[in-house]
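Chain nomenclature is as follows: A, B, C and D, assigned in order of appearance, with residue numbering initiated at 1 for each chain independently.
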Amino acid sequence: MLLITTVGGTLLALLMDQPFWGQGIVRILVIAPFFVMPTVSALVWKNMFMNPVNGLFAHLAKFFGLQPYDFLAQAPLGSIIFIVSWQWLPFATLILLTALQSLDQEQLEAAEMDGAGPLSRFFYIMLPHLARAITVVILIQTIFLLSVFAEILVTTNGGPGVASTNLTYLIYMQSLLQFDVGGGSAGGVVAIILANIVAIFLMRMIGKNLEA
Amino acid sequence: MGRITLDKVTKSFGEVNVIPPLDLTINDGEFVVFVGPSGCGKSTLLRLIAGLEDVTSGQIRIDGEDATDMPPAKRGLAMVFQSYALYPHMSVRKNIAFPMKMAGVPQDEQNRRIEAAAKSLNLSDYLDRRPGQLSGGQRQRVAIGRAIVREPSAFLFDEPLSNLDAALRVNMRLEISELHNALKTTMIYVTHDQVEAMTMADKIVVLRAGNIEQVGSPLDLYHRPQNEFVAGFIGSPKMNLIRGAEAAKHGVATIGIRPEHLAASTEGGLWQGTVGVAEHLGSDTFLHVHDHGLGDEPMTVRVDGEMPVRHGDRIFLTPDESKLHRFDKQGLRV
Amino acid sequence: MLLITTVGGTLLALLMDQPFWGQGIVRILVIAPFFVMPTVSALVWKNMFMNPVNGLFAHLAKFFGLQPYDFLAQAPLGSIIFIVSWQWLPFATLILLTALQSLDQEQLEAAEMDGAGPLSRFFYIMLPHLARAITVVILIQTIFLLSVFAEILVTTNGGPGVASTNLTYLIYMQSLLQFDVGGGSAGGVVAIILANIVAIFLMRMIGKNLEA
Amino acid sequence: MGRITLDKVTKSFGEVNVIPPLDLTINDGEFVVFVGPSGCGKSTLLRLIAGLEDVTSGQIRIDGEDATDMPPAKRGLAMVFQSYALYPHMSVRKNIAFPMKMAGVPQDEQNRRIEAAAKSLNLSDYLDRRPGQLSGGQRQRVAIGRAIVREPSAFLFDEPLSNLDAALRVNMRLEISELHNALKTTMIYVTHDQVEAMTMADKIVVLRAGNIEQVGSPLDLYHRPQNEFVAGFIGSPKMNLIRGAEAAKHGVATIGIRPEHLAASTEGGLWQGTVGVAEHLGSDTFLHVHDHGLGDEPMTVRVDGEMPVRHGDRIFLTPDESKLHRFDKQGLRV
């Protein structure tokens, strides 16, 4: 689930980068969802778009003569991935956009003079330049996705079954809903260790960035 | 072949007209330098020729063929950028190979050309390094190497030496001149430094505000500047320009005399003043003379070898009448 | 609550900056809490440190012969502020540290030559240089603190009463616990607008940063 | 007063010994230039004098008083940094006032000094701008203004012109020289550019790897370089150094002849070679002569005015015997 979200988000952000170069207002609109609180966004999605009776998607589906689809019940994991991606896409976009803008324009022009078409320029010049930024995005998202909590609680409550339960939610359930404090704490320690392993990689990256 | 013709070329950025209609012919094998103060449009002109900017109107012909709407890669020109614009994630070898890879040159041929370029540019030991591990001069050479292997019909240089220090700049200047002597390929070189222009060019194009002020060989520009701007821009130290009564004696608005055409003496002469700063270089002495009554600017005099004068000394100056430049009210040569 | 946390965090981070210059390992340790998931951190604090029976603080208090203190019950707001500050301090530290390192060393040396002592250097040179970074930190924290959700749920459940309830939690309670979807949605919209007002300021800041 | 004495000063960074024991005396009112290639320790030496670095051993005396452990602000020196180091959030006026504010100078006196400095540096119109709104040359002047108002016993300049372009550099060089003529204050100036050193200095200190290679006036260094390093470093273009059989004729390991002391002729002379690159500056011509049989490096010749030779022409060179420099195997002057 984490991998799908991050890779998907990264690719989408990369594609989205192209037309937005330097267009301030569009940029703010794109970045806005990032500042919407997780709980709020989950609620909004749940009630306004995906609700099988009153949701916008249901209305749309009806409009096209299709059966309304109870997204959260039928495809809980897919829905959550969709919501979380929607929230994190701007973050990836912002970081990759900054990275792209730091690319020396003369390098692109040199490649153009050297006979590289738009596709070659993207693969030979831009992608290597973005490599580090992409890694940072993936790492940061991994850490935060480990703790996607609010969305799960509000939308699916971990269900049906454990189909959309992740580590954080598991800890929450263990320790508070089932009052198994020991198991919860153990899970918490595991989570901290996991997060810190990723964090160490991330710090190394940022350290390299600061040096460069 | 590398004959480039610009025919009534103009360029506007929005409302701003950067280059008014401009005609220019660059012959095959020439070393042409575009020189002018910053913001004079010299880089824009180079980028128009390269195809990195589109002309607003007019025509660019390369070897007689209309290249106005050709993409940059098809024009057969190679460019060396001010920032070198090397690809930081590729080794020197891959950097040099990149244009050939894009053009689909066979691997054997690629290797042959890389070896030849690396040898002639003293880069053979650095082929497997990354650009980040090289010094400024070496990066410059890699950028030139990347241009050479394309075997272009003309090289374009955009202020290539401006990021190097003084000593290295003199060396690279010589290397580029030697490269031109060896390859005999057309080269177009942009700089704001008139010394680079004078030492390297076959033909200098002096630009100001997008207009061509004068086109000619370095010695043409030195001996017969067409206007005051060129007179003041070419030559180091700058020509002394004198207005007012003294110029009126010669029947013109302004007279100009180069520092090396003024004779200095402590005994007597036509003009007199006091020595301000005296720069003793050993081979020459440059005197900056104040209070000469000919204007507000200090006059500069060049004396061969040494002259034992100090700050505050009285000094006499006599111009070489045959080397006097005369300009009318519009600043044009008389 | 928001103001206290952010200003407190900022000041603390500024003080913490000084000794950590360039010391990589110390830096990683300082930054680690930032990557611990909110839920986990809240749980750890609740059970391991502040629990009146088994918590570390209780043991400490007993060791000194004092009455164990039930932090979360007696001072819910204070405890939450403490936990959240602990989580966000590294973030402020990281941003301010980067800003400090971008300060031209020659400026400090020039000030030293000009006769400015360490205190004058801090107020005349460093603080103006950090002004922008501090604003960014305050804005970002404001946005995120609006949505401190997990901590509140896990530690105090918004209580006692509504002493530690903030906007997000209010929405959660309204819409899910009391099934008042309308009120919850309204709250959600208010929250989004609030966040976006702050976000616009933030974007302007970042925009200026990119230009400079 | 501004007499600075360095007594057996050394500086190590960890294991690396940057400055071996070094003695130097700078007299009151002198313009001293530290010059040398990058990494020679010239900036470190300046920072030791400023107090921004601590000496490892030895003593620094300012006007006879031991200043070795004094904090920078107490030494009465003012420094102009390479990056100018202006405070970006303060106006020009506040920048200039800052050292006086720190020293507690009364407001009236502050204003008087600011006005005086701004007037002499042509900054009066810019006092309320921020440094970010100024050009490079103006920023440079603000940095100098901030130094002047402190009325220091000596000015320290750390490569102050390296961020300016060629034309502006020449102007600022003159302005700093004029400032020294006006103030008569001790100035210590660090640069890697030997032309700046030659034109500005009363006394040049040539450094290599932390060692003083030679101390002397510009003309001392030009006429009597103590070793091959100084001979090659001072003078532009560089001195031609010839080793092997030709030098043996003079009974030494190396002989050196400056480009301006070689006579060039197309008819006949002592040595012969072919012209490589010919740089025509108008006032002079620099010829780079290859295949002269005297070594691998091309020889450089300076000809006054013009000489109508081209790439590939045969040319004869005759050195002025009285201007020949002779060096032994250790590179020391004979």
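Following the convention adopted for this analysis, contacts are C-beta pairs under 8 Å (C-beta built on N, C-alpha and C of every residue); 3 or more make two chains touch, one makes a residue touch a chain.
Bear in mind the structure is a predicted one, so any value in this text is a computation, not a measurement.
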Distance in touch steps, counted as few as possible, from subunit B out to subunit C:
2
In terms of mean CA position, the chain most removed from subunit A is D
In whole angstrom, how far does the Cα centroid of subunit A sit from the Cα centroid of subunit B?
52
As a quick test, compute the distance in whole Å between the mean CA positions of subunit B and subunit D.
26
Geometric centre distance via CA averages, subunit D-subunit A, whole Å:
57
In subunit D, what residues contact two or more other chains?
none
If you look at subunit C, which of its residues touch at least two other chains?
none
Under the touch definition given earlier, write down the residues of subunit B that touch subunit D in their complex.
38, 165-166, 170, 174, 177-178, 181, 192-193, 195, 198-200, 218-219, 221-223, 234-237, 258, 260, 276-277, 279-283, 286, 288, 302, 304, 306, 311
Sites on subunit D touched by subunit C in the complex:
50, 52, 71-73, 77-79, 81-83, 85-89, 98-99, 102-103, 146, 150
Residue positions on subunit A within touch of subunit B in the complex are 104, 106-107, 109-116, 120, 124-125, 128-129, 131
